[in-house]
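Data first, discussion second: the structure below is written as structure tokens.
Chains here go by letter, A, B, C and D, matching the order in which they are written, and residues are numbered from 1 within each.
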């Protein structure tokens, strides 16, 4: 079996890869969002701490 | 008797007060003092069971008010910043409905007598929207006259009242205390009741 | 001075809300006019072919009723919340659930009942048969109280929030889907000559279920929102 | 040996525990996805009726199952938080919601892509797809309500009540949609035929486990940020190495 045939999925390639592609995209976005949120939260905590130190 | 032990209150991240303990027995008058934002209203709302204490207990006749629930509510009146009266209704209807929600059915005669006592003679059947702020407050205060709950919790009862009405309030509280009632209130104006020592609780 | 009974409280709350509504009649009328307008827009949108309209009628009337009942939900507790009456209601020495039930019933009388009464007239616009009209009335009579009850929970949860009006629809509409399905199902069954008993009894079951649980849930939601 | 579960219900201890657990779920999840999809694409045979398009089920079915279960788990956590006033449970509930909503979305998306070649339409009003759509609305409601209340305590309690109401309603909704569907002789999407090959079942099971682990890893990672946010004024947060640096 060659790869071209595999990706064509006997004519259903668009539907199959469209499904998996979007699912993968969503997983990647979610992971990125969770990471981003953590960075932002830690940043805010540090800002809060610095503000308290100055007081 | 109302007992408060080790009460703490937090709003959001902020701790307003903690370790607050006091008790109030029959015939006592307690004024809650403190600057703005120190938790006076929050304390009173906690005594009404609106707010859950972050720590500590509020007991009425030895039982937690959260367990007593409706039994406790039958024995207390709360008057908040808001008057709880409807612009569309007249003073008489407002008073009768207010008393009804508090669990007592009041007939027109009793209601009119209470309103007249509060100095609203001739305005009983006017829609509340034509009354002044002070007169509306009087309508709200008339509720104190038609119930027989021993515990009064009054948040700024004197707002918008003129000198005459303040005198009326003093007299009202005095009579209530003489009947073994209990009153907790906050105010920014001086309120002294003849013959009764005002206990003071300061939130800092 | 007498102590008020539970039934007395229910009567007091209902009569109070009806009295307030009568002094602000415009609010009740707006909901009704909205309902009539939405239903009348459909033939303009899809064309006046009677066969299609007859087929669409139950769905259109029901969806319009659903949307119209969303409109008035925001008002259910907000006025009482703003002027402090709600605080006093939470302090009532009787069951808050009964009080809430009173408010729900009053809300239904003001927003649901007019829709039920208006629906047959609108059904005529869609050339519905007499029998279908009766079933439509019956299904609305059973279904609209459920909408008011589920709506009450949503209204209590979104009390005093910014954008509460849109939010309440977002929360409540998905939960109302079973009512919509059984309500329209009954009318469609009637139109195709089948028995409507199963649909109506399922609607009745939903009504009983909602009647038992939602006043209590709404009461809890109000306590949460008043904190 | 009795494990002190209550110890871990304190946000301060759970924060550390969750941090340690995340990689233990994330990496196995990735590996299982690879294994499951390998079996699904290279071992499992072509379906006699649906051709190659059936291979969408290895993501569609797990995503549908996850979205349903995550809603129930979310409602259970929210209920725990409401009844026992445990802060951590409420935080878990709000951490679960976005992942659940995304799984519901994946389920809808893949369902549509499967429906087009099979039914010739992107969307068929099938009972399961319709219920999935309503489930997504319920997730939206939960997230929107939580987001629009500023006070976190009220937000937790109000959305908990909504989640409980929703989870009671889910079976009613599913039943009513199914009823509606049979009444209108709508199309019924059937993925799991009677003649499902063993390799298909294996692949689907493995990707389902992978989805579970992914969901757990995401939730734990998200709840860590939520804990930090909510507990920002406490001593232990200030003493964390990642905050001090």
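Methods note: a residue touches a chain if its C-beta (ideal position, glycine included) is under 8 Å from a C-beta of that chain, and two chains touch if they have at least 3 such contacts.
Since we're looking at a predicted model, the values are computed, not measured.
Chemist: Going by C-alpha centres, which chain is most central here?
Modeler: Going by the distance between chain centres and the overall C-alpha centre, it is C.
Chemist: Name the chain pair with more contacting C-beta pairs, choosing from C-D and B-C.
Modeler: B-C
Chemist: Can you give the whole-Å distance between the Cα centres of subunit C and subunit D?
Modeler: 32
Chemist: Please tell me the distance, in whole Å, between the geometric centres of subunit A and subunit B computed from their C-alpha atoms.
Modeler: Centre separation, subunit A to subunit B: 55 Å.
Chemist: Centroid of subunit B to centroid of subunit C, CA atoms only: how many Å?
Modeler: Measuring from centre to centre gives 36 Å for this pair.
Chemist: Taking each chain's centre as its mean C-alpha position, how far apart are subunit A and subunit D in Å?
Modeler: Taking the average C-alpha coordinate of subunit A and of subunit D, the gap between them is 16 Å.
Chemist: Which positions in subunit D touch two or more other chains at once?
Modeler: Residues 151, 232 of subunit D touch two or more partner chains.
Chemist: If a residue has to touch 2 or more other chains to count, which residues of subunit C qualify?
Modeler: Correct list: 227.
Chemist: Could you please write down every pair of chains that are in touch?
Modeler: Final set of chain pairs in contact is A-D, B-C, B-D, C-D.
Chemist: Please give the residue numbers of subunit C that touch subunit D in the complex, ascending.
Modeler: For this pair, the touching residues of subunit C are 153, 157-158, 161-163, 167, 170-171, 173-175, 177-178, 181-182, 185, 188, 202, 206, 217, 220-221, 224-225, 227.
Chemist: Which of the residues in subunit D end up touching subunit A in this complex?
Modeler: Going through subunit D, the ones touching subunit A are 37, 41, 46, 51-53, 55-56, 59-60, 63, 98-99, 102, 105-106, 109-110, 113-114, 116-117, 214, 218, 221-222, 224-225, 228-229, 232, 237-238, 242-244.
Chemist: For a test of understanding, state which residues of subunit D touch subunit C in their complex under the given definition.
Modeler: 134, 137-138, 140-141, 144-145, 148-149, 151, 153-154, 157-158, 161-162, 165-166, 169, 172-173, 175-177, 179-180, 183
Chemist: How about subunit B: which of its residues touch subunit D in the complex?
Modeler: For this pair, the touching residues of subunit B are 12-13.
Chemist: Touching residues of subunit A toward subunit D in the complex: what are they?
Modeler: Per the stated touch rule, the residues are 6, 9-12, 15-16, 18-20, 22-23, 26-27, 30-31, 33-35, 37-38, 41-42, 44-46, 48-49.
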